Amino acid sequence: MTMFTDPFDAKTLLSRRCACGGNHTPEQHLEATRVAASTEESWWTRVVDAAVLRAVFPHDAQRRLFLRTVGASTAMAAISTVFPLAIAREAFAQGGAPEKRDLKVGFIPITCATPIIMAHPMGFYSKHGLNVEVVKTAGWAVIRDKALNKEYDAAHMLAPMPIAISIGAGSNPIPFAMPAIENINGQAITLASKHKDKRSPKDWKGFRFAVPFDYSMHNYLLRYYVAEHGLDPDKDIQIRSVPPPEMVANLRADNIDGFLGPDPFNQRAVFDGVGFIHLLTKELWDGHPCCAFAVSKEFIAQNPNTYRALLKAIIEATAFASKADNRKEIAKAIAPQNYLNQPEIVLEQILTGTYADGLGAVKRDPKRIDFDPFPWPQFAIWILTQMKRWGQIKGDVDYAKIAADVYLATDTVQLMKEAGFTPPDPTRKTIVIMGKPFDASKPEAYLQSFAIRRS
Amino acid sequence: MATLKESLALKSALLSVLLLAVFLGLWQLAAQPAASGGTIVDPEYAKLVGQAAATGSKTPMPTPADIGVALWKHLSDPFYVRGTNDKGIGIQLAWSIGRVLAGYLLAAAVAIPLGFLIGMSPLVYRALDPFIQVLKPVSPLAWMPLALYTIKDSQISSIFVIFICSIWPMLINTAFGVASVRREWLNVARTLEVGPFRKAFRVILPAAAPTIMTGMRISIGIAWLVIVAAEMLVGGTGIGYFVWNEWNNLSIANIVSAILLIGLVGLVLDQMLARIARLVTYPE
Amino acid sequence: MERAMISVEGLARRFGDHGQPAVFEDVWFGVEKGEFVCLIGHSGCGKTTILNVLAGLDRPSGGTVIVDNREIDGPSLDRAVIFQSHALLPWLSVLGNIAFAVSSRWPRWPRAKVREHALRFIELVGLKGAADKRPAELSGGMKQRVGIARALSIEPKMLLMDEPFSALDALTRGMLQDEVLRICAETQQTVFMITHDVDEAILLADRIVLMTNGPGACIAEFVVNTMPRAERQRNGLHRHPQYYAIRNHLVEFLVNRSRAFDREIAEHGYDSRRPRTVRPGLAAINPAAEVVPLRHAN
């Protein structure tokens, strides 16, 4: 198995670690060996199968148990009923021609959108026969409305947004699929330069902070962080929703003391001498999600070939972006006015992880931002626990049900039950945030374990 | 008299130039990068941050000279297209003007006939008055989410927002102008047994025209104000999008050049309507 | 009964509730074809309202107006109105104002004919050089000339004039009065005019209708201007032997009698349908003629 582990092999370990044993992800491995691959078709078959299986069985042991019990072909048949695996593979392996070639994809100009954006100038879309227009959009509400109005065929969204759309918060419930997370990590807490010496959150009483959106990972991470240091985010500090470009201006004008926001605005604050990077969100939770690539299920049903070509381009771009050596080239490609409209040097620092911290030091952290397309249901559950923790949702939360509404995996669980198997528990992947593990199977207990909470 | 007038014009022009020069001079001085503490940082760090940040200060406000450079850059190549999100300022302005005209003309097409009816009938006037009074003060941008939600097209939504915000001054002024046509002029028409259409077009319309034009002038001003805000919200194209995009890049020089151009276009639109208004205005 | 060309029969007008007293009531009078009649009375007696009813611009609360044996039900091109405020359309030129009236009267006329017709009347009132001017560029007197030209241009059966010269200075007023006199002589117009200027009435009117004070105003009497039209010259009017007698009679009415007409009614009786007719001018030249019947059939 030189290309990629066969995900339908019961003996293989399917982890984020590459099967070759090296300390890199399978995608990186693939990227490295792709050029040498004799057939791209088989490469894509594996990627697709692995992506689906991993979504269905986050817990590797259960996947193996499942495959051993039913056999690979039955497993594939079962999964095919909920996810058109064969069609997908066929299409991915240069299947039918795209039904629709001219597409519009909306993005918010932040580095989280890197794969979506770079796929345009770097030719990932055109390689798959698509003529994609990437359209810069002014805000999350607008991108949501334009996606719902079908002005956009696909869009860049905050990871919690598909959850919000599927529970009908703020819009009509419309089935939206989130086939890929775009980036992990990549956010930071930036403080005004005058707070150089107040590096402990204990000194932050009375600080005013900005986050991009109430329902964002940024808000939850900031609250989590200060609460872990004993500050009540609703009483001891102020948190307001501020559009990212205005964060730097507000910091400069001394209207806020700091922000937890998306890049490039953290690095931009350093570039303009307005603030310093207190810490990267990676230091809080390595591998946390932020933004997603979203498509309506209607679009998938009507344009399966186009959808596959598009997803293929995004996955390829994400794989390309996840490789450190490519980051400089990407920074150059997405800096112009047509895309992020930022100084190239700022983007380069964010993407390469070699950056000025605003305090006179150059820091190196190649994982400052990373790109990983796989959506874990545990993310959704963690987000829900924080929504409830801070009183954004009240009463009993049916975590499993909401996660089921958002993730295809739950459908498969149902099918397996009917076939007489014990379904795997998709919430068993553990997440560690600031040293505290999160067990997605016990969200209520997790919630109760916090001293500072609204519910 | 003529010489007095001329000298006044000359003096006021001189004063304007002087004020501008003083303003720009003060600005230039204020925007000079402050002599910093001269924190010496390592060259690798200095390469990664802006000029000012390397010496421990903040990036200063752009000077008038910076803005002149930015403005010249935009004006020397106003119609380039380098991608979906990167088009010349001339193209952005054309988009905005196009949207404003579309929404505005639609509003005029609705407001003037409707205002006519309202002005002619005290009954309709009273019946519609509460609605107009409630809807008129609604901030135009408050309509945007509703428009996006119901119309499901951001292009048409921004035209709708222009429509809805420019309709009220025209509607109210038309109704008021029509309702307050001098009784004696109507009596002239009556004693001459003038038919209703001839009366509407030959007597009421010209009589109310100055008031209607005032409404139209207020409306175009509002429409131009609103389009910038609406485009900042919806994005895509237009001068509002341009401002938002440069704001995103924190490029104050580009924003200020855009502000100057927005003001200029607004002035031209206003003057065009003022000219039309002068044509229909009659001395009494 | 043979009716006059205009016959005002039992006219009344009250504003507001029915409980309010009428401004005027039970008003009867007639205007013969070719006759120039002036109505004189104090402000508030409803003079202008009567004219508006005649013009068809206002509706009476009671009574009717019969013109050419037909009850009127609205404005008509047969009855041209000259407004006190001249009421020119300020956005049209002098020619435009008159052409508007002409083309309203004869909608099928070609443009050139309308223009030619309008210019004829502009010339008639002596404004030949001002045809292309806007009303705002004209003096008050010139504006009223345009008003007169507009009224005459539609060749109406009668002219209704509402204090047409009251807003003008004395000199202009005099010149316009001469003009009206000349034009009426040329065109044999039937004219009904409102005024409160005694001299104007004596100069222009063949018969003067005196109205008592409101509320509840009525026609007190008719004063026949026994000075022949040909002898009425503005410059020499005050030297005419009948002038002072007529003038004194009118002034006496306006100053004293109009207030206390109730008493006269109580003393002499009053038939609203046939107010008495007096000829004070004749008395001045022939005292015998002063024997005026209290009741005089029209």
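So that you can tell them apart, the chains are marked A, B and C in the order they are listed, and the count of residues begins at 1 in each.
As a working rule, contacts are C-beta pairs under 8 Å (C-beta built on N, C-alpha and C of every residue); 3 or more make two chains touch, one makes a residue touch a chain.
Treat the numbers as computed from the prediction; the structure is a model and nothing was measured.
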Per the touch definition, the chains contacting both chain B and chain C are none
Going by C-alpha centres, which chain is most central here?
B
When the centre of a chain is set as the mean of its C-alpha atoms, what distance in Å lies between chain B and chain C?
56
List the centre-to-centre spacing of chain A and chain B in whole Å, with centres computed as mean CA coordinates.
40
Averaged over CA atoms, how far is the centre of chain A from the centre of chain C? Could you give it in whole Å?
92
Touching chain C in the complex, chain B uses residues 182, 184-185, 187-188, 190-194, 198, 202-203, 206-207, 209, 280, 282-284
Touching residues on chain B, where the partner in the complex is chain A:
39, 41-42, 44-45, 47-50, 52-54, 56-59, 82-86, 145, 148-149, 152-154, 232-236, 241, 244-250
Touching residues of chain C toward chain B in the complex: what are they?
55-57, 74-77, 79-81, 83, 85, 87, 89-92, 100-101, 104-105, 134-136, 154
Inside the complex, what are the residues of chain A that reach chain B?
109, 133-139, 141-142, 145-146, 148-151, 193, 244-246, 248-249, 252, 268, 270-274, 336-339, 341-342, 345, 349, 354-356, 358, 360-362
